[in-house]
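Scrolling down, you'll hit the structures one after another.
In what follows, chain A forms one complex with chain B and a second complex with chain C.
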Partner chain A sequence: MNIEKGKITGQQLLFLIAGFVQGSVLLIDFTVGITEHQTWMVILVGLAVSTPFFLSYVMLAKRFAGMNLVQINDMVYGRFLGKVVSLYYIFFFLLTLSFNIRDVGELYITFLMPDTPFVLLLVVFTATCAYAVSKGIEVLARVSHLFVFIGIFVIISTFPLLLDQMDFSNFLPFFELPFGKIFQGVHIVSSVPFGETVVFLAIMGSLNNTEHVIKRTYSGLLIGAATLLIVAVRNIAVLGKTQTIWTSMSFQSIRLIDIGTILTRLDFLVGIAQTVLIFLKCSLFFYALAVSLSQLFGLKSYLPLILPLAGIEVVIAATVFQSPVDHAMITQNAGIIYSIPLMFVIPLLSLLIAKIRGLPKFERGKGT
Partner chain B sequence: MGNKMNLPIMKLILWFFMLFTLSGCFGGREINDLEIVIGIGVDKNESAGNILLTAQIVKENETGGTGKDGGGEDKAFWNVNSTGNSIFEAVRQITHKTGNRLFISHNQAVIFGKDIASEGLEKYIDFFLRAHEMRPTALILIAEDRASDVMDAKPETKKFPAVNIEKLVESYAFTSHLYKVNMKDFASCMMSDTKAPMAPLVSVMQDKENKDIYVSGLAVFKKGRMVGKLNEDEVRGLLWVLGKVKSGVITVSSPNEQGSAVLEILSAKSKVTPELKDKRIVMHIKIKEESSLSEQTTTENLATDSAFERMQKASAEIIRQEILAAFDKSKELNADIFGFGEMLHKKYGNEWKALKDNWDDLYPSVELKIDVESKIIKTDLLKKPAWQSEGGK
Partner chain C sequence: MIFLLLIYALIFIINVPGLVKKKEWRELTFFSILYIIAFTLGLLYVLDVHIPSPMKGLQYLIVDILGIKYQQ
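Up next is the complex of A and B:
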């Protein structure tokens, strides 16, 4: 009855999660504007805060081994309410995917290809994701190793080149900002890179065995978080006070690399790593969206949904925000609010209900 | 289902591939359509409120060396002027003269004229940080007079004034009489509540028939407005505290007072610890300097323990005087060039909130406790001077 026939191993899941979190590296910029030089601790606190929720996703997936998000919802909340909850998730996947596609477009239009039509960039990127999704989760899982290493390589290799420009006193004073700002920052961090891993509820059903799954998925999250932390520390140390004014801190700090006037203009490295990692993140969102939607409609395969969804995504991405300013405002203030229930409430509730009702029970039919 | 499925997908891939290879680059610009800018000068225009922008453009046919003999008057660069109410307006205004949009990715330096610097740079710096072709590593300089004159002075050994200026700034390490400041550093100081931004000064020196570019000293800003200058000694005093002295020359009088010993600074380290006790702000500055004896103008043999001791003391005293000179100047300008405010902020986060608002009044009352440790670690190729006096044997 499963839509996806492909199976992934626990180790592949580790890299998928690591790559997924790394894909949000540029999105910590949303936080930096609020939490300035304390961003690094906001990331750590955000990680700690989202750990129990992340574990709840994994435990839910472990409990309902082999089932995807829609099947779990159907079983836990019943046919009708389950569908409503699933729709909520699908709506979230749809919007978050289009925001991320838009991020890529904005990245290219600002830094790499300023004269290229915006929509063309979105179309090409979405088409690539659609192609990857049509190949199935196994293919994505296989390339995730490569992508994670590209991301880590770029970050690790550029770090020492900037050492001479780093001023570690930029981290002082440690506690300066009012609690409200820190709270908002923690909220953004715990939902944008970490909470979004809720999308793996739609993917973990493809695991070939659920042994050690908690250890493996959590290591993936830690690798991703460590990457975010290194980037945040680098940006604070290099840019200091100015980090709040740049459109993209990572680009700006890499643009400062100037080793003997020869090793300069390395910003293309960030461009490559970022494209590759956001591609992985978008493909996972796209895959989750396609699988959940086809499960909801009771289709046999998710392939027919890919092209129409890609079209819808491009249209949303092209029209949803007027400018990056709009984008940042909405994400900082509204975007993280509507996603609170599905990241922090529903998975825990599902787990609780499943425990009380002794789910999953297989004797009475299987979900849909 | 292998083959049946693969064919349409292969076609699709080919299709996309063609889409990219056949359409060419969006916004691609060929080299002969580029006006490569290597330096920008910004001056105040005579008519009120306007700015005069000078862009130094590389002449493509002159750089290759295939110039028709003669050569003397031929310049490899072209300085184009334009006016406008804003930098960007002036940059675009230039296309009326050049026919092409300026390409500023290779810009080495931005030079602001003195008049515009004392009016305030905050209005003019935004473009240089925002424009995506600008590098944050481009240098920023202040002309003692007009920036356009600086751009005009053709250097003897190099083709381009802007490249020459960049080289001159990079050579700060030999004297420590100026400091290299790029766009990002300048912006960082502008954003600070207390720290005064600074930029090296550049001037034109008339030398017989030739004009030379001279880069030395720092212009001091306060809230974006240039308020004063530091001379060479004061700059070194500042750099001692910041720990940025790379090399330089210290001249001390020799122990017998008959000549002088010239020391070359080899390395310098500094540690500044702010202290706040009962409303008094004390800065403990600890400097460790190492130098070599590189010249002496006396016949006395200076390579002795007692002579070393006295020279070390004398050079420590000179360093102290330089720091105090810089501090006195900064008190006079009431500009926190050392960044003492930032240091206090970082160490005393809570107390700083009360100090922050009247930092301008507090700054002159800051006390310095300077502790200099100067060491002479070698005498280069000589153990004794060639003309040694009788007493020294």
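Up next is the complex of A and C:
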């Protein structure tokens, strides 16, 4: 029995995915420290590398229409091994959600509200996400296009204002960095914004119609990727070599806008857009976590788990890293390595097993 | 500390009466387990007790024990 009764349309899924990827705009900073002025290339290569894996998530969801991640794992790997695989995913959702909640806290404490207690920011943000999740996936899906348009509006409207500060020689020389650094950068990009879309395996079961789902989901991914690319190009062109010394390149480049001393300090726009988009991303992770856990426990509803999970998330977010530098260092190594199997191996393996065993038709034929 | 107690009292009031009324004992059991974990973590945090980071554990396992890492 699926735990979610709400249904979303293909178009809403498109905006959910676009907003989800846009929510990682600030996280490309993890890559910038390694790949510097070649980050734009890394994003393109990361997108190309992630595409087959992303399509495997969508094809898996399409094959097991109406089922969530835990149900798919149970059916493909059996009841025991399926639960172990699901626990691995739940652990990933739990940790990634806490990182993203922490990102918001760090964003506010560093740039917007430095005197506010850090934990208070985490509590308020997590409570807002918990409220959104309690309303169900339908509500989030219905407002997702607004979030995406806010993100696009901020990027498109600030880009021309920075044109006079851009120096396109900052992109040179091409292919300067060693292969190892490029490889690590591609791994970060294909894991953090793109690979994390594996969370949609817990959401796509709510699709009301799986027709054209591949086209729509991939369009969503492309919108998100285009946003990341524009931001990366803008930051490189404006900040050049200095971009690696800033905590947040997006904030720093937007701060440089100065049109006749009237249009200045527009970094609050980045703050608004990022808050809204990370809120969408966190809510989707939170929803996937609550639904997967409830399905694993065999509950009728995920609602009773939301508030205790929010409490756990706040404490993990507050204690998981000591500083933004610690955050970046761990994400650039262990953070992306531990999630390799669940992003790049298990979905493809599930699809292969499902094809070989003729799932789920075979199981349906048995009346299960 | 007072805020923590207030928040958790509120969470209890929001969830438990409804679950008891509907006799959803399974939901109540798993709610209680997560509630106790969340409250304990919150209490440790408020009391300034060091809470080990799961990422530090993973970092130790992957980088230090298994030796899988990117060269800096």
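Definition applied: the second predicted complex is superposed on the first by the 360 of 368 C-alpha atoms of A that agree within 3 Å, B and C clash if a C-alpha of one lies under 4 Å from a C-alpha of the other, contacts with A are read in each partner's own complex, and residues count from 1 in each chain.
Criterion: contacts are C-beta pairs under 8 Å (C-beta built on N, C-alpha and C of every residue); 3 or more make two chains touch, one makes a residue touch a chain.
No experiment lies behind these values; they were computed from the predicted model shown.
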Checklist entry - In the superposed arrangement, does A:Thr319 touch chain B (first), chain C (second), both or neither? => result second
Next on the checklist: Looking at A:Leu263, would you say it contacts chain B, chain C, both, or neither? Reply first, second, both or neither.
Outcome noted: neither
Checklist entry - Does chain B (first) or chain C (second) touch A:Val345, or do both, or does neither? => result neither
Checklist entry - Between chain B (first) and chain C (second), which does A:Ser301 come into contact with in this model arrangement: first, second, both, or neither? => result second
Next on the checklist: Going by the contact rule stated at the top, is it chain B or chain C that touches a larger number of residues on chain A?
Outcome noted: C
Next on the checklist: Per the contact definition in the header, classify A:Val84: touching chain B only (first), chain C only (second), both, or neither.
Outcome noted: neither
Next on the checklist: For A:Asn333, using the defined touch cut-off, is the partner it touches chain B, chain C, both, or neither? Pick first, second, both or neither.
Outcome noted: second
Checklist entry - Is A:Gln184 contacted by the first partner chain B, the second partner chain C, both or neither? => result second
Checklist outcome for this item: Both chain B and chain C touch chain A at residues none
Checklist entry - Hey, which residues of chain C end up touching chain A in the complex? => result 7-8, 11, 14-15, 19, 24, 26-28, 30-31, 34-35, 37-39, 41-42, 44-45, 51, 53-56, 58-59, 61-63, 68-71
Checklist outcome for this item: Per the touch rule above, chain B residues touching chain A in the complex are 16, 26-27, 129, 132, 135-137, 184, 187-188, 191-192, 345-349, 352
Checklist outcome for this item: chain B partner, complex, touching residues on chain A are 110-111, 113-117, 120, 124, 127, 169, 172-176, 239-242, 245, 252, 255-256, 258, 264-265
Next on the checklist: Touching residues of chain A toward chain C in the complex: what are they?
Outcome noted: 95, 119, 123, 180, 184, 187, 294, 297-301, 304-305, 307-312, 314-316, 318-321, 330, 332-335, 337-338
